[in-house]
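My structure is below; once you've seen it, I'll send some questions.
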Amino acid sequence: MLGLVVHEPLANGGLRLGWGVGHHVLDLLEGARALDHYAFEVRDFDGVAAIRDRLQAAGYTVSSVDVDLIDSSIGHAHGISVVDPDGNTVQFHSPVWRQGEGAATPGRRPVKYQHITLGTTDVTPLAAFFTDIVGFQISDQLDDGRFAWLRSDKDHHTLAIVNVGEAGNVDHYSYDLAEWEDFKSWCDKLTEYDVDVAWGPGRHGPGNNLFVFFDDPAGNHVELSAEMEKFYDDRVTYVPRRWEPLPKTVNLWGGQTPSWRRVGGTA
Amino acid sequence: MLGLVVHEPLANGGLRLGWGVGHHVLDLLEGARALDHYAFEVRDFDGVAAIRDRLQAAGYTVSSVDVDLIDSSIGHAHGISVVDPDGNTVQFHSPVWRQGEGAATPGRRPVKYQHITLGTTDVTPLAAFFTDIVGFQISDQLDDGRFAWLRSDKDHHTLAIVNVGEAGNVDHYSYDLAEWEDFKSWCDKLTEYDVDVAWGPGRHGPGNNLFVFFDDPAGNHVELSAEMEKFYDDRVTYVPRRWEPLPKTVNLWGGQTPSWRRVGGTA
Amino acid sequence: MLGLVVHEPLANGGLRLGWGVGHHVLDLLEGARALDHYAFEVRDFDGVAAIRDRLQAAGYTVSSVDVDLIDSSIGHAHGISVVDPDGNTVQFHSPVWRQGEGAATPGRRPVKYQHITLGTTDVTPLAAFFTDIVGFQISDQLDDGRFAWLRSDKDHHTLAIVNVGEAGNVDHYSYDLAEWEDFKSWCDKLTEYDVDVAWGPGRHGPGNNLFVFFDDPAGNHVELSAEMEKFYDDRVTYVPRRWEPLPKTVNLWGGQTPSWRRVGGTA
Amino acid sequence: MLGLVVHEPLANGGLRLGWGVGHHVLDLLEGARALDHYAFEVRDFDGVAAIRDRLQAAGYTVSSVDVDLIDSSIGHAHGISVVDPDGNTVQFHSPVWRQGEGAATPGRRPVKYQHITLGTTDVTPLAAFFTDIVGFQISDQLDDGRFAWLRSDKDHHTLAIVNVGEAGNVDHYSYDLAEWEDFKSWCDKLTEYDVDVAWGPGRHGPGNNLFVFFDDPAGNHVELSAEMEKFYDDRVTYVPRRWEPLPKTVNLWGGQTPSWRRVGGTA
Amino acid sequence: MLGLVVHEPLANGGLRLGWGVGHHVLDLLEGARALDHYAFEVRDFDGVAAIRDRLQAAGYTVSSVDVDLIDSSIGHAHGISVVDPDGNTVQFHSPVWRQGEGAATPGRRPVKYQHITLGTTDVTPLAAFFTDIVGFQISDQLDDGRFAWLRSDKDHHTLAIVNVGEAGNVDHYSYDLAEWEDFKSWCDKLTEYDVDVAWGPGRHGPGNNLFVFFDDPAGNHVELSAEMEKFYDDRVTYVPRRWEPLPKTVNLWGGQTPSWRRVGGTA
Amino acid sequence: MLGLVVHEPLANGGLRLGWGVGHHVLDLLEGARALDHYAFEVRDFDGVAAIRDRLQAAGYTVSSVDVDLIDSSIGHAHGISVVDPDGNTVQFHSPVWRQGEGAATPGRRPVKYQHITLGTTDVTPLAAFFTDIVGFQISDQLDDGRFAWLRSDKDHHTLAIVNVGEAGNVDHYSYDLAEWEDFKSWCDKLTEYDVDVAWGPGRHGPGNNLFVFFDDPAGNHVELSAEMEKFYDDRVTYVPRRWEPLPKTVNLWGGQTPSWRRVGGTA
């Protein structure tokens, strides 16, 4: 579903964890580290068609996804593919079974794939593509326009976009943990496998979610997350919030910020 | 194992959760909402035969169950079928593997199928069928004779029978959660899928179990339960307890009772 | 701090729990059930003076509070008193020691006094008094203008105002629990003391907090609360959210609503 | 409240823990180890008088307790004293404040004093005294008549009586822990203070409560307990249960039984 | 992986639990109860070859394991087999997928296979074989030389060796639980299946791990374990610790020791 | 007990938390920030005299502590004072009551004062003073001699000494939390009071304890700690471990190290 490219073959110990975490949401391809494509599951059965119609009305070329690539579809499998303003391929496909997700956890409660954060050189057009055409809504943004968090269901964000100075990039991808208790368990388990924590544990301002980051064997940042804020668009009207670009915004608790997550003047 | 009939096709988002919960214990058949059959797994290998003998001695007609319908049997698969005093088909079959149950949980600890509560017009003959012939024991009953809880192992009840004014009815079916912590998780998850809580969280008097109810897409009441009282018939003699038919009996904590669970004069 | 009047003398068993919960924040006076006064602690040492200045600039008559009534003040004790637009006396006083709060818990984690909800006939002028003059901010409100939640620190609300059809009324007062685990403990403990749950457990939309309500011996609604949303006004700009006046707004989980908390057309 | 006599002065390290646990419910007197007196708090304000009347009607001599010995009484302090069939002095007194109990916990959740178990040579007359005259009810008993558990409120037992071959004896006294998590904490803490676990952790059949035992510096057995079964006499009719005198009755989990808690033929 | 021989067929209820626990790490063979072989997974891809070289250099005869017996290998499957100084067959094989382990838990968090403890008549040569040739390190040992705990990764021990008076014996095998909370859950579940706790819950001195023991249907001791001490050989130098052979060494909490785990003069 | 000097008066909001945490173990004196004295409680009643004898035998001048400064002593209060090799005043006094410690927690489980870490220019003589004369033992040390952790009871360290380039300095002082769950609670609470986390949450190598650091209003580092390793000197022989001076030693999980805790070449 989320296409990443790794440098190294799977047959090494270090890779096992990343593999264990994301084994059914990552297509691993040989090649240079780059974003091949990313994809969204659309819960509503008519939703894929509606997105296709809006994309075509906006002048985008939409192609079909080979249904053989959509495992365990619920009902009739179908999917579409389009190139986003950054030139990335993005897919939208019909719902799939989720029962296997818990099974990947190497020692703690279930983990589900939660969101991807795209790296770009300009947040505005990419955010506009997702809000104006695809149908996402902005939950939060940095006041300097360099970071935006977008939702497509009750989760505060299922997609985020950050200015990292280059386009066509995955800033990080994120999985859900059940609760704070699991953060100790995962940090200890990562230590057992010689994988360093890269940032946190902490709590984000936008989304209010607990987080910890580590890198997968290909060097991508991976986030584990819990307690994300929920939105109820069926019963309340939200105005996107604007946050000061401060370290205390990306980690409410404070502490050191890693070199790849500078906010404010140093992004 | 537990036969229910649903009104709607599976291909809608709302159904996914009910589906995720009970997918391997429900046979979903096209037709009007009604009880097709229900079934019990007998742990003891000779137990099915003993039940068959007692049923036949009591004059019941017993037929065999097609063994192809018994998945993952431990040892030789066999099962019997009989019509209960209400005209429902009930099956008793040999043990099956239980390892898959935990896999259905969409975010929290394992869930096992726990009990069915039958709706009827007269509790006494149905309870007598299960205690006098099949071999269940009564753990608790309402003093007005309109509700009885029956056990077949260490759990306070694996079957309950309630007077709901019509026979051939499933009042509700129930799954076990590991602990109270999971009730918050499930209520939040149900909210995420736009499924309303129908009753609770609360704590039952009979069985002392924590509970919360919601409805599946077919309109059946579903209960999530934890901390059920245990019985040790091998080392203690129990006399069935009689409870006043009061709201505080069906929910020790008090609170509002749903329209379909009135006790006392308003049943 | 929060002045309530109770009908009955303290010397009865039923009162002990309410007493245990709120013993150091309630002044219990003989008389009819009514709101005598309510009070806020101002964390900032110069804050009381600033509120006094703003009140006087707006033409309100401000009197001093007898400092002997302010126990355990940090530094120099001082306080002011003013009559709000509904005719209630409200006090603002300097900080007090909080170390004793945890000690009142009869079996679980610490409890702190969290907020009061005022009942009124018209939410707007009372809310305006607190936002325009005293310095509170609105976090959430019902779209029909009949309920508003106001904050004075990082908590989503430290004061709420609801249209209950009469003024000079305490709709409920609320205490913080540490976590969801404590809700089971408290419901079981209340059951042990024959105090019924009046609403919940559930989760509010505005504030996102878990809640359960019961009544104190004087008939006031008491709320236990946890996981309340936090606001960070020093680093993010908020626009008050507007919620549909629906049962699913006041309890995200659904379930039955008590007779005294109707939303929508039936308030 | 519970009078015990200790051999040794308080000024030693080993005594500190026992002291920390029970400091406000134990009167420590110089002398040989023996039961000086034990006492019950009566929640109902008229209850002490009613017990006095029943005792006198049954021919017992009742004296008043010096009210100066009843700390922190709620309302008017009063108490009575009588000699039980074993010759022990037992007191019944009016309610006292409970807020200090949590404060004694040296590192975990609150502990309340829960019950005393009397050792005797004949369970029947002592149990009859408490049920027929004082007003307790039997919850459970061993089928050989050598152990009985009696309740006076919603807890399964607030008094137990066991045949230990001599009268005038405290078999053990017991405190409540909030939950299972605390058992690890307490066992680790006891280890830190060089106090050995004497039995458990385990789970009792009668009462269903989790338990662990250790000895105080005077050699008395002390129990820590949690999850005790509740009784609701206002809404359900109970018949005392009879348990086989087996090790699996006093510890459902099995495991080794200490020399001083033999059941069955070896009591 | 770990070869044990059981007396009885699988088709009985009592066996189901043991089966549920260890179903994918036990090869069950017909025959007398004895140790057929045991096996270690080597995480490093070159590690099996290195062990083979060291074994051959030390004069041991090394044979290959039939790769068909190594399920779900990561990369190229390979394994070697050698006879240890006690005459037991021991295998070392390449890494295998671990995702299925959590699925076996019948009601609580994931369980992974943790260690085997070999029974022998002489600890020293067997320990020397594993430390000097295979590459394990000693973490702890009893001062009388009758018990040694050896590590091969960050866990305090993945192998232990105890003098039980006969060789070619499995003293016990052990599984990891996630946390203390699970011990209550497992003891209650074992009680439900009529399996007695054989020792504990308690906490070991060597390894500092929480433990509880029960017997599988074949009579082998099974340990459930949590919180085992970790070793970081890449950044700290350890000297094997020597413990007094005392009951308080094998259970820090004290309590009764089972007949098969005597330490000190009575081993 | 632990003498620190603060710059600012107590009467400001920011100070309240630091005050709430350590209010009964800190003597706050006007003056420049410096270490006035520090103190140890000696559990054994004869222990103070024994330390005095050893200090005098080693040629140190020992004076008595004014017993009025020892609150709530158990038994006869006595204490001694001596100047350590760095010129700091250190006191040893008889045991005191600990019951008040839990009461300081503003929202979570009890906190006890756990250890002080002294900053110095030379670890060796200060460590030698405590091990050779006072009677502490070294649990762990960095291999470059710049950090040592010393124990005086079952805790891994009750005193630590670190080379920070100047003597007469408190590097940090530390309090115990009950468990990992409390770390989230404390970080959220500190955020509520605008106190930034300075380091962590993480897990130390030496001591294996979970930690998080923040600064008190005087700029001293404060540590919250849990799960510290225990030592059992009565039953096992320990050799001090030597750790590589690496970031992964002071935080096993990795992550960023604060500027004031560099290890290796950058100390």
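Should a chain be cited, it is by its letter among A, B, C, D, E and F, assigned in written order, with residues numbered from 1 in that chain.
As a working rule, a residue touches a chain if its C-beta (ideal position, glycine included) is under 8 Å from a C-beta of that chain, and two chains touch if they have at least 3 such contacts.
Please read these numbers as outputs of a predicted model, since none were measured by experiment.
**Q** Return the chains shared as contacts by subunit A and subunit E, ordered by label.
**A** Shared contacts of subunit A and subunit E: B, F.
**Q** So which of E-F, A-B or D-E is the twin of A-E, meaning more than half of its contact pairs are the same residue numbers?
**A** More than half of its contact pairs match A-E, so it is A-B.
**Q** Validating interface symmetry: for the copies subunit A and subunit F, is the fraction of residue numbers used by both over half? Same or different.
**A** Same, since over half the interface numbering is common to both chains.
**Q** Could you put a whole-Å number on the gap between the CA centroids of subunit B and subunit C?
**A** About 42 Å, centre to centre.
**Q** Please tell me the distance, in whole Å, between the geometric centres of subunit B and subunit F computed from their C-alpha atoms.
**A** Roughly 57 Å, centre to centre.
**Q** What is the distance in Å between the mean C-alpha positions of subunit C and subunit F?
**A** 40
**Q** What are the residues of subunit E that contact at least two other chains?
**A** Those would be 102-103, 109, 188, 191, 230, 248, 252.
**Q** Which pairs of chains touch one another in this structure?
**A** A-B, A-C, A-E, A-F, B-C, B-D, B-E, C-D, C-F, D-E, D-F, E-F
**Q** Going by the contact rule at the top, pick out the subunit B residues touching subunit A in the complex.
**A** Per the touch definition, subunit B meets subunit A at residues 10-13, 16, 20, 23, 102-109, 185, 188, 191-192, 194.
**Q** In their shared complex, at which residues does subunit A touch subunit C?
**A** Residue positions touching the partner: 140, 143, 205, 208, 229-230, 232, 235-239, 241-244, 246, 248-249, 252.
**Q** Please give the residue numbers of subunit D that touch subunit C in the complex, ascending.
**A** Interface residues on subunit D, with respect to subunit C: 43-45, 74-76, 95, 98-100, 102-103, 109-110, 112, 153-154, 176, 178, 230, 234.
**Q** Applying the document's contact rule, which stretches of subunit A touch subunit F when the two form their complex?
**A** 180-181, 184, 187-188, 190-191, 196-203, 210, 248, 252-258
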